[in-house]
Structures are given as structure tokens and as C-alpha cells.
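Here is the structure we will look at, set down as C-alpha cells.
In this document, chain identifiers A, B and C correspond to the written order of the chains, with residue numbering beginning at 1 in each.
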Amino acid sequence: MAEYWGIKVEDIFNTMQERFRPEGAKDVDAVFGYDIKDEGKWKLTVKNNEMKIDKTSDLAGCIATMEADGETFVGVNTGKVDATNAFMSGKVKVEGDMGAFGKTGKLFRKYVIAQKEMTVKDYLADMFATVVSRFKAKEAEGLEASFAFDLGGQEGGKWTVFIKDKVCTVTTTIEGKPTVTLEFNDAKDYVDFILGKIDAQSILAAGKASAKGDINMMASKWPILFEKYKDPMGGNIPEQELIVLKKTISVNQKFSTGPIMGKFLKGLKDKKIYANKCPQCGRLQLPPREVCAECRVRAADFVEVGPKGEVRYMDLVYYAMPDPLTGVARETPYGGINILFDGCKGNETLPHFIRKDQIEKIQMGWNEKKGTRVRPVWEENRTGDIWDIKYFEIDE
Amino acid sequence: MAKKIAICAVAQIKNDPDYHYLRFQNMLLECFESIIKQTKVTFDMEKGIRTIITCSDDVFDARTISNNGITDVVGAHFRGEEKMAQESINGLGYAMACILSGHDDLILFMGHCKESQGESRRMVSNLAYDPFYCRPLGMDYHNVDAMQARAYMEKSKVTDEHLAKIVVRSRKNGKQNPYGRENKIVTEKEAMQSPMYSDPLREIYIYPVTDWAYGMLLCSEERAKEFTNNPVWITGYGSCMDTYFLGDKDLTSNFSLKNAAQRSYAKAGIKDPRKEIQLFELSDHAAYQLPMWAEGVGIADEGNGGKWIDDGGMDKFNVNLSGGQLNGNPLLLGGAARAIECYYHLSNQAGTRQVKNAKRAVAQATYGGAGQHQAVIVMES
Amino acid sequence: MAHKKNRNVGIIGIGQTKHSSHREDVNQPELIHEAVSLALKDAKLTMKDIDCVVHGNMELFEMVHSPDLWHVLGTGAYGKECIRITTGGTVGATISCASDNLVASGMYDIVMAIGFEKLQEGHTTGGITNMACPLWFRKIQAGALTGSSAYDVEREFGVERADKASLTYRIIMDKHAGLNPNAHRAFGLEFSQIDDLIRTSPKLVGNLKLIEMCSQSDGACCVIFACEKKAKEIAKTPVWIRDHITVHKEENFNIFGYDRKFPVLKTHKFAAENLFKRNGITDPINYFDVFEMYDPASWWAIDWIRDFFGLKGDEHLKLIEDKEIMIGGKMPINPSGGVIGSNPIGATALIRVAEAAMQVRGNAGPHQIPTPVNHALASGFGGTMWTVMTMLEKELNW
């Protein structure tokens, strides 16, 4: 089985049980499938706030199945691959009920890549192994020098870094007469010093370390000659935490309705739908507007239309749209319809919603073709608001 | 001779504390119809209006793209429309550019604001500040203005009595203005006993919440005669932006206003505003700003605002005969209100407020806390 | 009405940020400052040379009132003249038109336009929905998402052909975005994925799929405009603004005709016809060498190509199917990857002008069209089907 970032596809599935969040599984009662290319198939059953994962050869009966290759699957689960991009570009596919599959996002805690501890010995090996790659040749013009490191303790060792003709080499011994020699009683202090955990002053003051020879060469020239050592364990942690402030901003409003929209909204209280009519071109407007934009004249005459009509167009909305006035996401899918009321013509339609369980039965009208007939379902207590009409339903 | 554009007609509704029975569309429509009636202008693609400039604000309207809801009532259906999302006076400057560029020869300029719609204008102006530091501190235009007021009053020896005097005069003048907001006439004593709002500013020293809309027809020099026998000209416009953090600037320096005024005067060829201009309309969002802006536009000596009031400067230079912003215009639209007042005087239609032989006038407006952005236009008969 | 102009105006400096949904590393003025610095560097100018700054975005996306006040920290407008103009999605195009007007008027010699948006700092679809009337549409609308355009095209050309054309367009944009280092989204899509994506890309509304909709980006764009005299002094290849047109439409979301007896007048078509007529352009598809189109979704894009160029029947679909809109094709559209590739809304329409101008200059980089670009077109879209179109020229020859 292939590994990606040191993790196998199986690791993701095998840890699902311990990463499971029952609070994220409320109202989920489904079987989901995972088809990972060249790796196998898994079946995830979620019911009664519990889960079960099985390796399987048959994904029949799954409400939705995710398909991906191993690298993408591990990447998305560990945050190494941007999930949205993988999804949009087709590297991750979902067959079946997309909306239901969306709920799996809340079922699990994220898979955290276990970080291997690095010992002092590991660090020293890494630090001197990267010296050459961190060397900035252009800063070494005309320089010939050798830097010796004598680091004590069980995990310590000796190294010399030579610079000559703008070339840097490293040996694991101390030879000849170095330009400068740095001695540490305990190699661990050197590692902590390089990682920025302790400062040079305090080590020197405590007599834990000393420098011999051209001290200035070590103190001033070394930082110019070499790029700073990067801690591989801290590799993904940015140096500065990027703080993001989250705020919800709202200023309460009272929206006037004015004489035109006001008349229309008042009509709803009486279960009547009023369109206003342009005195010049005769077009009707729903909801009514103060003027006819085309003729640039006031349109103050009203005509009662509907309340029954036909659907000319329906937007079947799958995207969970937050209601801007409440912030609560609308439940999907839902149908936003444009209704051509009896008495209206052409594009004189009014937008509203269709009853949720009737979405699939709606036929849209087009040219001479008639759309599904609908009627408003009125709210008992009407206040002169859009929701005086709960929704429209098929007029059978 | 400076390049200029004409104002052919203006229209407005009365400034009101709360047009609760009108949508802003209704408010604009009144003005739109008046302009069409006055000028018989059309929307013909060759000879009529092709470009409408509007002025409104998304936060005050609580609408993303606040100009979206007004396309029809400003006649912009299948015509161009651009929104000045700044103090309305800059719409006049921009209209000047549109016309002088040759791209347009006719501009309809419409603006609206319903300050009564939102729960608090302070919550709106608080949103003008950065979300990290100034906004959580509670900065808004009023309390930032109050800081400027404190500093300016110290520098120019302006007292609580002076501010009371400015308010009393503003309300008296406002009564003469048929479109002025209806405010209670007060005495200086009553004013000074009224509640404090943002020290040293009493509530009465700050412009009141107001709903208003206006329209103006602007055109090139060549075409003015088609629409009016009595055009008023805009001959100069200048603006200036000051920096943002209060600690980065001297709140009493009038930096941005001085720059804006000089730029505007230079375009209009004005050398000495005290001699060449007969009327000044200044956007005093709060009473202290009247003498402060008077210093900025060059009719009061710097640091002498208090004495200038004592010496009768406000009447000598015909400042804010409309009642000024202090009598009530929406924050965003003070500049248009100032320009419209100047238009009335320069076209001899100012009624009981008329300044005799007014040839040139200055309209000034500002937005942001402590006058961060300033703009000045020069108008001529 | 023939077009006339008081004096000529050229684009002399362009700067844009990398567009991305992860710009937590900068705040709003800092993001703007990146674009401003790049534009000044491009023009070899400093802020001292700028007479006026024009600022534009949509403040409710970030919920900052009069943002030019705070943004002065990044715009460099301190001590300068500064105006702020916004017109919704078209705002970037509008501030370009405004800058042209300001310079052409003779009131200013050098003007800087800055379009900006940091969409991650708000809720974009909620913000767009807030543009609708609070008494009715706001409670029903789903932001800029609608399946009606897909429905229209499918009705006219059949579902299979329409779906394929939409995805072909989408993949061409992705290939272009892959060449543009500033683009937000470049997935590396292949034409072989068309059938797969039609089947698997999640549906947003009707047959509008996730893959077909534009992104929500953080980004800024800055363009510097100068009068003819200064432009010739400063820039090696100034790009001249020939003309621009703005057309708005009433606030009404029933904008798609459902009945052939009642055809709907379309703003893009109206704008294009008027703009070309007054400039004597009779054959736009052959006249222009590149078109940077504001394409919020691939369905809209494929439909609009017909409107903008006045094409007949299925000519627009053939252009797409034959990949003539690709870099190297007969009418390259959006070498930048378009709005589908990057969409910091307040900057988006200005990026169209900037990218078109870069093509004219010939230094767009990896997404430069190989053949000479002498005539470029840019469009903006916003509101309820608003249009702004801008014509750019290499030579002052009209």
C-alpha cells in the first residue's frame, strides 16, 4: 500500500472510529461509500449517533459514493490538499446524493499527522547536513575561513565548516587550526541556541560554552554567510500567527413601503394580488414599482390579477443559501418560481416559492407551451408581507 | 475664462425627520418629475440624457449597490448611470469632468438618503473605521468631531456661547428656507442648557437626522440655453483627502479644506475669496465647523474663529443663509444642499433669503470624521 | 452621435495583486497598497505624480462605510484629490471610465483608479442578495446564482450541445488561468474531463454547476491614466482609451424572456450596438484582436458572446466548440482566465480593462496572445444586467 505524507489510505479509515464526533452525526441515518482507486472500497454506516466502517467489494445501497485516488484522499483528509479545489477540478467525485454526502464533513475530527520527535542527534545531523545548502556564496567573496564546532555530551560530536573560493565544505572532525572554534559542554544547548530557545549571552555567561579564535567571524560573519536554520518540526507553522477577527455586523432597519408597494402589500392581507399598470405602454408590474422604467412615467393605476397562474420558470436551488435577513441557511433543494398570473402576459411574472414536495412535478412554460398551474397558499394571520403567501402549490 | 458647466434646473423635496410613508424611490421620483417638467429634457440617445449620476450610500440604504433600486425612477433604464459613493458635492465635480471631457453634454444628477431608516447613524459612521482598533474603541463621526471641536475651540477661542449663537442663527435661517427641516426655534440660553452629546458638543449642536432627495440638470456651456434662460455655472471644483488615524494629523490644521479650496479657486480664477465671493454655504455637521470651515475657505483668519463670529463674520460673508447642514440635511447630501442654495441665490430665486447682486458663491462639503475629506465648488451667475 | 473627446487619454501603468481566497496575511489597505505599488512601478512614477485617486468597491461585502477614508493608508491618496464611485459589479469598469473622463476633461493630468475587494471578509452570496428590494426579492433571491441562463441555452440548442459548450468554455478559461500567475483558480482541467464534470460537478441552481460559477477572491487592481502629452512622455506603449459606454437596466429579476412574442431587450447587445455604431465599427468580431469579458459563469459567457459581437444563430457556440476563443484562436476571449478564474468583485471589471491593455502593450506574460493586438475590448457586468464596455487602441488612429 502506498504512503502519502507517511500515511496510508487505510490509516484514515482505521482511525475513523476514534475521530468520530457523535454530535456531528445527529439526524444522519445513511450508508456512504468510498471508492479509492487501486486501494479498495469502504462502506461507512451511520445510525443512531454511531458509526461502522467496513472494507467491502460491493458499494450497492450507498446513498452517495466518493471516488478519488489515494493521494487525493489522504491529502484532503490531512489538509495537505485543498478540498474545494480537488472537488471542483474533478479529482474528488461524488456519485449519488451530493447533499447527503455533504453531511460527512461534520462526522469526524481531522486526521492529524503524527509528528516524529527529533532528538538532539537528529537535529545536529540535520543542521550540519543543511549547511552547504544554506551557504550564500556571494557573501563569501575573497573569504577563506574555517569554523569548528566541538559539541560535548552523549549526543555531541565535532564538525568543521570550511569556506574557500566561494565553496563551502563540511567535515565531521576538527582539523588543523580553525579560524574560530565554538565549544559547548552539552550539544543540547547548541541545538536550543540555534532553534532560538535560549540566547547566546546566557550560555556564555553561565560558562556552558566558549569561543576561541576570531570570535567576530562566528558572531557577525556566520549569520551573513548562511541562511537561518529552519526547524523541520515547525515547518508548517508560520512565524507570525495571522489573527482573523470574526464579527457579525447589523444595523436595525425600518423599511418604508410607500404608496405603491404599500398598496400591493396591503392587498396581500385581503388575499388579493395587485399589479400596477403603465398608463402609456400598458405593461403590468409585479411587485409594482413607482414608474414604468421603459416609458419613464408614474404608474399609479392598479389591476387585480391571479391569484392563480402558471409557472413560467423555476430555479431549482441546491446551494444552501443563507437568508440575508435571518442568517439562517434555507433548506435545500427548494424551488424559486416565476408565476404568470391570470391577467398578466409575457414576462409580467412574480417570484415566490413552490411547495417543497411538488418541485419535481413542475413544468415550466415556454413560448406557447403552458406551465404547471399553481395557486397561492395563504397564511392565516396576514400582516402585509411576502410571507402572507406561504408558498404556491399545484392547482389540481 | 475658466472652463465651466451649467446648472439648468434643480429640484428637491423638503428636508424631513422621517418620510415614513415614502420609499426613497418615491422621494426621488418627485425630484425627477420636477426636472423633466422644468426643462422638457428627454432621454433621446442623440440629444437627450445618456448619463445619470446618482449619490447614495449602501450602508445608509442597507442595500448592496444602493443605486440598484432607483434605476427606473431616475430614468436610467437603458441609459448610463454611475454612483458617487461619496459626499454629493463630488458628484458635481465628477459631472463637470464628464461634460468637459466631451463624453457627455447633459447630466442628470440625483441623490437620496433616508437617515431615518437605520436604527442609528452612529452605528453607520462607526463602520467607517477599521475593524481592528478604531471601531472597537467606539469611534464614530460625532465623537471624532467632538475631539476636533475641543482642539479647534481651544485654538480659535470659540466658546459654548459661540456654538449656541450658531445654532440659534441656523434655525432662524432654516425657517426662511421653504425646503428646510422644521426645527424648534431656540434661544441661546436654551441651547446652552440642552443635554450634552459628545462633549463639548451638545445634541443641538449636531445636525439632526434627516431624509431628503434632490435632482439637478447639468449641461455643457453650449447647450444651456436649450433648457433655461437663467443658468448658473460651476467654474471650479477641488477636493482633498487627509490621512486616517487621528494621531497622524493636527485636527485643527484644516489641511484638507485649505487644499480643496485652493484647488477649486485656482480652477475658477479666484484670488481673494473675501472680495470676489458674495455667498458661502458651508457643511457644518456640527456647530463648531462653521467658523472652522470659514477659516479653511479663507474668510476668517486662522485661529480667530471666535472673534470672527463676534465681529459678525457669518452675516458679513453671507454664510449659510439656508440654515446650513446644522439645520438638517442627510450627512451624505450636505454638499448638494449647499450647491442648490447657491443656485437659488445666483439665479435670483432665493426669496426672502436672497443676497442682492450675488455673482459668485462657494459651496463646501466634507465627509468622514473631523473633516477627513473636503471638497469645494465655485459657482457663478 | 459621433464620439468626441476633449483630449486623449492613455493607460500608462497597471498593477494587480495575486488573486486568492487566502489573503489573511494582509488587511484591506495593505492589499490595496500592493496593487498601487506595482502600478506605480510599472509606470515608473511615484505618488507625487498622481493628481487624483479614484476608489471603488462594494462596501457591504466587507461592511466598511466610506472605505476610502480608512483605505487612504493604502491608496496613497493623502493630500490628493480623491473620489469614490461605485456601480456594483461594474464598479471596476466604471472607475476606469471615470478616470478617462477626469483626465479627458483637462481637470487632471494623471489619475489613478483602484478597484478592490476582500470577499473572504464577508459573505458574498449574502451580500449580493442584499442588493435586492428588502420587501420582496431579497427574501427569495439566491445571490447571483440562477439557472435561467442554462435553461435558455439548453432550450435553444439542446441539452447535450449546450452542456458541452458551457464546459468547453469553462476548460478554456481554466487553461488560460493556468498561464496567468495572478489568477485565483487554475485547476489544470482537460477537455477529456467534460463528460465527467457534467455528470459529477455539484449543481448550484438548475443546471448551473459549481465548476461553472466564478470564484470569490481577495484582490486589488490599480490602473494609471494620463493625458496624451504626459502619456507619450512617460510610457513606451500607452494604451489609448477610445470610447466607453454604460447601460443600466431597471431593478427586475424577470430578465429572461419566456415568450417569443415578448422578446427582452438585452443590455449587452444594446451597449455593443451603440458603442460600435458611434465608432464606425461594422464588423466587431474581425475588428477586435482580444476581448476581456466579465464572465460570472460559463453559461452567461457563452450566451453573451453572441450579444456583444452581434452574432447570428449558433455562430457563438461554433466559436467555442472550435476553440477559436483560445489564445491563438480567431477571437481570443479572456487570456487572463476571466472572472471564472479570479473574482475580487470591486476589482474584477477593472482587471478586464487592465488585462486588455496588457495584451495591447504586448507584455502580458505567459498568457500574451502571440499575434499583434491593436484593438481590444473589455466589458463589465453588474447589478441587474448592467453593462459597461471599453474600447482600447494601440494607435491614435480613429
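Everything below uses one rule, namely that a residue touches a chain if its C-beta (ideal position, glycine included) is under 8 Å from a C-beta of that chain, and two chains touch if they have at least 3 such contacts.
Because the structure is predicted, anything quoted here is derived from the model rather than measured.
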More contacts between chains, A-C or A-B: A-C
Reference chain B; chain at largest CA-centroid distance: A
Geometric centre distance via CA averages, chain C-chain B, whole Å: 34
Separation of chain A from chain B, taking each centre as the mean of its C-alpha atoms, in whole Å: 46
Inter-chain centre distance, chain A versus chain C - centres from mean C-alpha coordinates, in Å: 26
Multi-partner residues of chain C (at least 2 other chains): 63, 130, 133-134, 249-251
Chain B: positions in contact with at least two other chains: 59, 62, 71-72, 77, 124, 127, 131-132
Chain A: positions in contact with at least two other chains: 249, 253, 255, 257, 261, 289, 293-294
In the complex with chain B, residue positions of chain A that touch it: 245, 247, 249, 251-261, 289-294, 296, 298
Interface residues, chain B side, partner chain A - complex: 19-23, 25-26, 29, 33, 36, 43, 59, 62, 71-73, 75, 77, 114, 116-120, 123-124, 127, 131-132
Partner chain A, residues of chain C touching it in the complex: 24-25, 63, 123, 125-126, 129-130, 133-143, 145-148, 151, 155, 185, 187-189, 193, 196-197, 200-206, 210-211, 249-254, 256-262, 264
Residue ranges of chain A in contact with chain C within the complex: 85, 87-90, 93-95, 98, 242, 244, 249, 253, 255, 257, 261, 265, 287, 289, 293-294, 312-319, 321-325, 327, 336, 338, 340, 345-349, 351-353, 364-367, 386-387
Parts of chain C lying in touch with chain B, wherever the complex brings them together: 1, 4-6, 27, 53, 56, 58-61, 63-70, 72-73, 77-88, 94, 97-98, 100-108, 127-128, 130-131, 133-134, 244-251, 265, 267, 270, 274, 382-384
